[in-house]
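Down below is the structure, laid out as structure tokens.
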Amino acid sequence: MINTEVTIGSLKLKNPVLTASGTFGYGDEVKELVDVTRLGGIITKSLSLKPRDGNSPNRIVETASGLLNSIGLANIGVHAFIKEKLPYLRNLETTIIVNIAASTIEEYCDVLSILETETGIDGYEINVSCPNVKEGGLTFGTNCAMTEEITRRLRLLTKKTLILKLTPNVTRIAEFARAVERAGADGVSVVNTFIGMAIDIRTRKPRLSTITGGLSGPAIKPLALAKVYEVAQAVKIPVIGIGGIMTWEDAIEFLLAGATAIQVGTANFITPSAGVKIAEGIQRFCEEANVRDVRELVGAMRSER
Amino acid sequence: MIQTLCHVSSIEHIRSNIYVMGFGSSEIASSSMAGQFVNIKVNETYQPLFRRPFSIYHIEGENVKIIFQVFGQGTKALIQKQLSEKIDVIGPLGRGYNVRDDFETALLVGGGLGVAPLPILTNQLRTKRIVTFLGGRTKEQILPTYLENVQIATDDGSAGYKGTVVDLLEKYLVQEQVVKPKIFACGPNVMLKVLGKLAAKRSIPCEVSLETVMACGIGICQGCPVERTDGRKKYSLVCKEGPVFDVQSVVFPL
Amino acid sequence: MINTEVTIGSLKLKNPVLTASGTFGYGDEVKELVDVTRLGGIITKSLSLKPRDGNSPNRIVETASGLLNSIGLANIGVHAFIKEKLPYLRNLETTIIVNIAASTIEEYCDVLSILETETGIDGYEINVSCPNVKEGGLTFGTNCAMTEEITRRLRLLTKKTLILKLTPNVTRIAEFARAVERAGADGVSVVNTFIGMAIDIRTRKPRLSTITGGLSGPAIKPLALAKVYEVAQAVKIPVIGIGGIMTWEDAIEFLLAGATAIQVGTANFITPSAGVKIAEGIQRFCEEANVRDVRELVGAMRSER
Amino acid sequence: MIQTLCHVSSIEHIRSNIYVMGFGSSEIASSSMAGQFVNIKVNETYQPLFRRPFSIYHIEGENVKIIFQVFGQGTKALIQKQLSEKIDVIGPLGRGYNVRDDFETALLVGGGLGVAPLPILTNQLRTKRIVTFLGGRTKEQILPTYLENVQIATDDGSAGYKGTVVDLLEKYLVQEQVVKPKIFACGPNVMLKVLGKLAAKRSIPCEVSLETVMACGIGICQGCPVERTDGRKKYSLVCKEGPVFDVQSVVFPL
């Protein structure tokens, strides 16, 4: 028997594969296509205090091996989430991590406090890294002191696993990871999308209504992997690797670079069961490579020359 | 809604760059409603990265057919397929036309490749009286196969009425006595917008099928909003709440 | 007749297409395959004072629509360049821009001073952004004050066109662009490669000998375009756009985002005449879109909603 | 060296996953030296992004042939080609074997697909005595077409000598009187390294063809270094100064 369980804070995931926020809805949209109980866990779409309509169209551009998006955190808001989505999620046999986005520290605190009164939530991922909203988002995510402060304030409000999701759009991501570790986070998710842009040369207009957006998908995999490696060298708390993971081979790369768990994002859009397939692939790889505990792979890159 | 690897069962070259492709899937064939679509991964690479959505065109036994124009990377990859090769399909997806309303005459309107959902719709409207209006730039763009009572409009007059298909429909409505009509349409946004005005003027219920860029097709990316007119909420997702909408409920992005 | 000429400092380029440093050798390797006189200009491989062997293999990895490299500025050194390469370049009917890399401010100054005594060089591009060397490179490129100081010192040494090549691996690239503008640069090249990484899961070793390297190619195009746009909003000196430009359509996107000229890098490896084809495509686009001066396209993106 | 769009003139399935493909280019056909290679853009997408280098296998009139094993994205795309479809080729590239040295017996050594440059080499050595040594894991991997005086070694003994091709060569050198020999080899690095030791011990000149990852194939990326033993400089570029090197001049990365 191979152990595939990994731990983030007090949270045990049955396997290291999570679905990334904003790429798996609230988990109920895909029930006909995916057996979600075979995932390590689900991270829900970013929730804000009030519902958000999101940005005006166009919100999506396909680029070379990449996806440029500017959704603008369209979500139903924390109250509707609790009423309409949580009852379904609560009864699933998998870990539920709720992702929170906000424009002020107070809003982060409010949303988390509201969620704290509910059962069925196993942990929080805090999005301080959305490139597609005017307030909050990157203004927080590129400010190290602010990121630290948000973490500190939220830490006071919950004993559940608290994960901060970092942006790659900074010079030294390791500094941010150290700051959130210092402030008491149980883990860091690395990374959110990279700022990108595309122009329609015929109309001369930007392809996204917000001009710039966030790039995800296979194109960013090498970049995300380097960020995960940088962070894993810098902190002791678990790192959750994200960015362009489409196959189990990609996932193993992130584990070797130092990620304790990984998230599957864009891949869900192409194959909603991508996460389950990746979890199976990791298991098979361990069997074949004679790895008895998936944790043996974490940070096991051989960098000696 | 299932994800399935199915065999390509037919590839027909209809004309110039238009193809009809069939693939075998009893589940999709038996559960598809007119106006729904399938989402196809055209190859196994990241180029293109996304699936491509196609309206369900016709169902023949276990075979689901789509019609498409070779355009960019996705459709170019699609015509590379060989017979009995496998393709990865998710479907049926979205909300199709409502064929159970209280109406007696179905007025089908297709602009260009907007004809795509009309054959399966014609099938599912068997108990109603159907009149079909097809528009195109030239006669080359008119694809009347599987359709009933077809009236044609072309921009250049190379077939049928010279003018737009909406003008043709308007003339028809003026000249004929149409009992309890309902309009079912698909085509370019400009056409649907004008059609919406005509339908409003004449108080005819009208459903239209929309297209947007789609990353997922199943409601998990929030990438396909269309603005609503009814104020209940700002946007609907075309892939999940559509692609068929009451023409008066949406704002057409032009 | 369409005007395709653009100006950077005192330098006139016959068209806006340059070949990027390190992706076109010293210009002589490709003479059988490309009519280099149809390029706007050639930017040569980064030169250092002494020859550099470069990093040990493996130096190259193919990623999804991208190229990860860790060449380590392998070059023949400024003296051999003057002796062996400049005589050929000097006689070409195209603009020659020499790219300089160094580990200290003094070395930058020395190399530039040595080149100043030679004829046939039209301008300099200063590489403060190589991610693949231990000293210099990103230590300079991610330090705004240092970048400004290098520019200031080099400005004193030459009246020729002086271009600083910036790294995208910073939080706010516009600050760097403003600093070099302030210090007297005639233009900024945006961008060098993005830090990336890949691991061979079979051997568990990094695929590059230096672990991390720089990502280029179509994968980074949306990211590079966003950086060009950010910089073009911030400075008045010409911006030279670089990153994933493979086709003339890509080039037009960069012009619309605010680039006065563009550089073709990775594309040369696949089609050495890519730059010439792109120059032709831009010309044809202008003809068809009734643009009589290519400069009308610069920054002409229509961002009103 | 030219870049040319040429027509695929033949696609032969040799065995299991090995193919020989020909394409018509009189320029490349007439100027290729044994040991040189062509660099092929296997499709028009960015997947794969790089060209793929292949040794020139054989020249037949205007047709240049390569031999390859279907392996990853590049070779998978290559076998999708149809006859007379166009492919984008740059060649001939690199420095081939030196066939003008002062030697009388050419000892050709190929490990697995390392046989690739030996047929064209055999042709260009017409005036010399040739003995060819082929090694493979099994008999399936032995491809003696176009070669002369072939001696075979297989790891599993399914054909010829049971053992490595270098052992076979050594036995041959012990048993036979070989006049003024020179070794020409291509194969996996481990094999070439052992061969280098044998050649040194017996003071036989020996040229080998190397493989590395290549981004450009024409000397402009500096991506394909091989370490030198002679101290004159640290690295040579495999694509430009090679792929053929004196076995004693390079360090084999294993």
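Some observations on this one:
A, B, C and D are the chain letters, set down in written order, and residue numbers restart from 1 in every chain.
Convention: contacts are C-beta pairs under 8 Å (C-beta built on N, C-alpha and C of every residue); 3 or more make two chains touch, one makes a residue touch a chain.
Remember, it's a predicted structure, so these values are computed and weren't measured experimentally.
Of all chains, the one whose CA centroid is most distant from that of chain C is B.
Centres computed as Cα averages put chain A at a distance of 36 Å from chain B. Put simply, the C-alpha centre of chain B and that of chain D have 55 angstrom between them. Mean C-alpha positions place chain A and chain D at a centre distance of 47 Å.
Chain C has residues 56, 61, 64-66, 217-218 in contact with two or more other chains.
Residue positions of chain D with contacts to 2 or more other chains are 46-47.
Taken as a graph of touching chains, this assembly is fully connected, with contact between every pair of chains.
Partner chain C is touched in their complex by these residues of chain A: 56, 61, 63-66, 68, 142, 169-172, 194-199, 201, 203-206, 209, 211-212, 215, 217-223, 225-226, 229, 244, 249, 252-253, 256-257, 285, 300-303, 305. If you check the complex, the residues on chain A that touch chain D are 64-65. Put simply, chain D touches chain B in their complex at residues 45-47, 73, 80. On chain C, the positions that touch chain D within their shared complex are 22-25, 29-30, 32-33, 45, 53-54, 56-62, 64-67, 69, 71, 74, 217-218, 246, 266, 268-273. Residue ranges on chain B touching chain A, taken from their complex, read 1-3, 41, 46-51, 88, 90, 212-216, 218-227, 233-235, 240, 253.
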